[in-house]
Amino acid sequence: MTEIEIGRNKRAKSAYAFDDIAIVPTRRTRDPQDVSTAWAIDAYQFSMPILAAPMDSVVSPETAIEIGKLGGLGVLDLEGLWTRYDKPEKLLEEISKLKDSEATARMQQIYAEPIKPELIRDRIAQIRAGGVTVSAALSPQRTAQFSDVVLKAGVDLFVIRGNTVSAEHVAKDSEPLNLKKFIYELDVPVIVGGVANYTAALHLMRTGAAGVLVGFGGGAASTTRAVLGIHAPMATAVADVAGARRDYMDESGGRYVHVIADGGLGTSGDIVKAIACGADAVMIGSILARSTDAPGRGWHWGQEAFHAELPRGHRVRVEQTGSLKQILTGPSSSADGASNIVGALARSMATTGYSDLKEFQRVEVVIAPYVKS
Amino acid sequence: MTEIEIGRNKRAKSAYAFDDIAIVPTRRTRDPQDVSTAWAIDAYQFSMPILAAPMDSVVSPETAIEIGKLGGLGVLDLEGLWTRYDKPEKLLEEISKLKDSEATARMQQIYAEPIKPELIRDRIAQIRAGGVTVSAALSPQRTAQFSDVVLKAGVDLFVIRGNTVSAEHVAKDSEPLNLKKFIYELDVPVIVGGVANYTAALHLMRTGAAGVLVGFGGGAASTTRAVLGIHAPMATAVADVAGARRDYMDESGGRYVHVIADGGLGTSGDIVKAIACGADAVMIGSILARSTDAPGRGWHWGQEAFHAELPRGHRVRVEQTGSLKQILTGPSSSADGASNIVGALARSMATTGYSDLKEFQRVEVVIAPYVKS
Amino acid sequence: MTEIEIGRNKRAKSAYAFDDIAIVPTRRTRDPQDVSTAWAIDAYQFSMPILAAPMDSVVSPETAIEIGKLGGLGVLDLEGLWTRYDKPEKLLEEISKLKDSEATARMQQIYAEPIKPELIRDRIAQIRAGGVTVSAALSPQRTAQFSDVVLKAGVDLFVIRGNTVSAEHVAKDSEPLNLKKFIYELDVPVIVGGVANYTAALHLMRTGAAGVLVGFGGGAASTTRAVLGIHAPMATAVADVAGARRDYMDESGGRYVHVIADGGLGTSGDIVKAIACGADAVMIGSILARSTDAPGRGWHWGQEAFHAELPRGHRVRVEQTGSLKQILTGPSSSADGASNIVGALARSMATTGYSDLKEFQRVEVVIAPYVKS
Amino acid sequence: MTEIEIGRNKRAKSAYAFDDIAIVPTRRTRDPQDVSTAWAIDAYQFSMPILAAPMDSVVSPETAIEIGKLGGLGVLDLEGLWTRYDKPEKLLEEISKLKDSEATARMQQIYAEPIKPELIRDRIAQIRAGGVTVSAALSPQRTAQFSDVVLKAGVDLFVIRGNTVSAEHVAKDSEPLNLKKFIYELDVPVIVGGVANYTAALHLMRTGAAGVLVGFGGGAASTTRAVLGIHAPMATAVADVAGARRDYMDESGGRYVHVIADGGLGTSGDIVKAIACGADAVMIGSILARSTDAPGRGWHWGQEAFHAELPRGHRVRVEQTGSLKQILTGPSSSADGASNIVGALARSMATTGYSDLKEFQRVEVVIAPYVKS
């Protein structure tokens, strides 16, 4: 990629967001019913390439089961309200009624409650009883502390998710999580991230992860760019990490690490573009937080929103657009890219003549600098 | 065209919308009255290069006749209200009064009514009785089913219009429309599209079509980009398809296929730019929906707006700016590019020193990255 | 300049508006009082490079005198209200009170009144009696008809101003103005335009004009881009025409034709940038229409706004910011670039270390793609 | 850096603002507590690279002491209210209550009061008594007049700050400040600016300055671009001046001149980016004006806002977000980049794996053309 001189002492590449690009139809079209949106990772099969983000506004044990039955994967946050409180419903209710001015401070209080190992166990058991693939997430900081409990409780896909997760975390006082050793010793496949560029992704793939999350956590619910100055435009991030997947497959003699876009996915159009840039699947938050079944009750927030010292996000109001089923597989009676998202993906694939997701990663895209509003 | 690296695994070209470009005057000027805006396709002559889009908010049998008398071509949608209902006026009235919250759902109901072959026959007869060139449109999905009725009823120019129409549609269960065979066997000239890039257009030209529609259907009334991630900025799409016209003329030993821009045309300035990029004519919807004669009664919508499972557009409110005559040929007493559009085209040609549309396709344009509001 | 491919059939250069660029200070600074903003064309000297545009909202005989006394040049429009009506004040008053919905139609009526040769004579005499340099403007269409009257009345600088004026106007039915012959035979220096690119400017310079107006007429008061699709971003237009000035000076053995930016000048910062791009002077409308002395009474409009068949502009409301004197030479008590514009020019020259306008045309500029609002 | 042709007569480079760029995480991460934000210039040590701008809305003697105790450096403006009035509090109160329409005119009056040498002495003594590093600022125009008073009063770091300060100021009537001689003869280290490009910075470094301020003064409180047409996008300006620092270090045999970004710093993210572009420290105004302790009482303004003849800024309303301590070092309960800015800087460094500021100047940045709002 061409570097541009910002000034005499600094050069930079251009990076692109999903909004900067668009897919263009080419010479072939196809019937939507002939298209497959199936996705498989390790031994687990899904009829859609959709993971629900481990956020309290999106995934509860109940919605994890519902999403699994609809063909996707709900990932429960093991550091959220469900493992801190026996009955979190009344706190979710309270959060949905907080005034804007008091929300951050009160949520900092609510999330100060310690995590209970027995609740981790119970929540996982509840999802397993639902008959779906079981997945749950910890942050890198807590993985060492709680992974035993989690594994004993029995997850199928273990997710380690942080704002930025690297294979080389440096710490003076504490022993950081040795991802390579940890993943090697684990019996279950691990999905780990966020990661946002080629080199970091390649290092993470070498830890033995089954999948990497591309992004910087949080997405719509975060103000990371204003607070930290850090931003990884997602089209570029996904395409860079897909490049690492290709090179790592070569270097490892054929191990295929799944690339999962996590962030910047506000519409079905964004999901389509993520796959066009090379993602195998997507982890979505805000789109699902808009369902009438979502635990967030019309609100959406991430862990950064109630960080004790440096909150980097807001609880945001989201318009409720339908049931989880309507949002995932329709039918839809709205037209803003937030319902029947799997139907939209299938139609986009059909319109451009592709029949499965792996092929669709090759679809042509353009950089479209202007969007008429 | 130079490709840019979005990330390690993906490259893309830049694509431009009409809003990204502008026409620049050069060294010659001309009197507007010395300019011809005439357009001819097959045996049919028009004093303006304007086709009215087959949309219920734009073309009724009455407005098709009126537009024909003014020098353009009105294309009736044979899958709209006029072929589903004997008296659609009361439904058009109802649609114009629906609340936003209920519009999509109610329109899904209204358009669930089956199409009646005898109404196709009657509507076409009515337009023919008006003494103008007769044109009507079907979608590719319905062309096989209704084309016999249409041909028997007698159209001069047959339009096949879909979001994306390709010469190579693949279907497992049903036999798709074989465009090449269909057009070859037909006695009347066919205009077909949408198409948005060079290769797809070249393939479509090889089917024997008299003209191709450039665009992705719907234009202002659609939210295709948000729902499907698909977007074909129109200046680039028209210029690419005009390149296919040139190459196909060479390969076919001289057959000239008309390029008709269809979408993204919200002002007379956009129409001027479409021709500057190589279009022979334009198909417009929203500009005409703004007439006081339009069947939409101040509203505008496309077929995607009431798709049963995945609606991809909205019924949108449009400001009414004058009669069809005022909008097409003036006189105008407003200044927003939505009235006297043929006068504007002539003046733009005169200002840059060109005397007919074919010459004007060579006018110089610039990329103008900033528009002062 | 590098051409970019818009699509297979069309290439274009990038063009830049004043808003796209900015001036950067370099290594030298200077005292503002040591800076000269003087400008001279032919035998006429001015303390500022400012021409007031021939528009009824900007220049009346009274304001022409006032502007002349302040050091600039007021150009009276000889096709405006002052030559159609004996007492235009009451019509200016009426225009300032029209409702938006009726303004265009009523102004079309008002401007339908014929031009009276005796009023041309009287208005010019009135300005001359004021003791300032006399300048007045006709459109190319009316120049043949009224130039005798104008010359007999006695102007110092004759202005021919149209949307696009070319040295090669083609007309079938009427004999167009032969600019070269006309200017050659004339005793007074002529300023002519608008012109927007290198080739057109070079041809216009060869007619013998003393100055060329760069722009497409109208500026802020016009919607030319939406209606005609025509737009000439001013930074590029001025720099291109300045290139023609340099090449014409070489070809003519030293004749220096003045380049006068006319359009897109909404702030003192824009005026500074016009000169930085190579302009010798600027013709401004909206900035002066904002004076409490302006005949427009808080409104601003151009000839296009009341064109009989294709109006391409609106009467626009402008905020009144001070007297003509405050706007031109201060002192200023507002900070939006619309007062003390000559002081701002001098300060900008001082900050970058230049002492006269000709030198300042070499100041360094940057393309600044983002403006924090 | 590649130059682009604006038009035939003018070429320009592209320049980038902080908003145009973003930092991207790479392969290493680190614990925030292992990161040092320490900064030292000459003999003075600070725990954060933060200078409070010499503006009446930001620094009073009291806040200078408070900022010093928190680990930063408060710079008192010696041409503001504190050296014009014995008791400026009531004027600050009045300014905070002025109506918008009268603010500029009244502030022009208030700042017309002469500066009193004895007040310079007293204010400096008051800060020194607070036990912190003492710093105060004069404009280049007043430095010759008051520097003796200032030095006798005893400052540790002397700041000369103007919109544009050059090493080669030219004046006809008065003897301009000879910076090289002045700085050479001075016993205390001098920080001088603003400067915005490589050449000007190199010349300023050769005067012997300990640090240079990069920017054009004023930042958020200024409308310099609209009034003067001058604008120096800060990412480019800082990177250019950092290039001058490197070249001057080579030419001087090792003298390290500090680069201090001054302007365009509205969020902690902007501060992070300034250092990423090569700044050693930042001078901030508006962020601190938002503290409940700030003398501006919820308003912010610069010297340009009340310039007697050409005001180039406005008094602007700023939202109060917390105490000085909360804004600088937290804890924070808001998430907009305007509190715990030092914590945000440390976290950004940790996330990208850097442990001190000098290293962090090498962090990777991208140009991100689109920001989803």
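Which chain is which? They are A, B, C and D, in the order written, and residues in each are numbered from 1.
The definition used in the following text is that contacts are C-beta pairs under 8 Å (C-beta built on N, C-alpha and C of every residue); 3 or more make two chains touch, one makes a residue touch a chain.
Chain labels with UniProt names: A, B, C, D = Unannotated protein.
All of these numbers come straight from a predicted model, not from anything done at the bench.
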item	value
Of all other chains, the one whose Cα centre sits farthest from chain A	C
Cα superposition of chain A on its sequence copy chain D - rotation in ° rounded to nearest 5	90
Approximate Å spacing (C-alpha centroids) for the pair chain B, chain C	40
Multi-partner residues of chain A (each touching 2 or more other chains)	14, 16, 236, 369
Residues of chain C touching chain B in the complex	4-10, 12-17, 19-20, 104-105, 108, 163-174, 176, 195-197, 199-200, 202-203, 216, 223, 225-233, 236, 264, 266, 304-305, 308-314, 369
Residue ranges of chain C in contact with chain D within the complex	1-2, 14, 16, 18, 21-31, 33-34, 198, 235-246, 267-273, 276-278, 330-337, 340, 343-344, 347-348, 351-353, 364-372
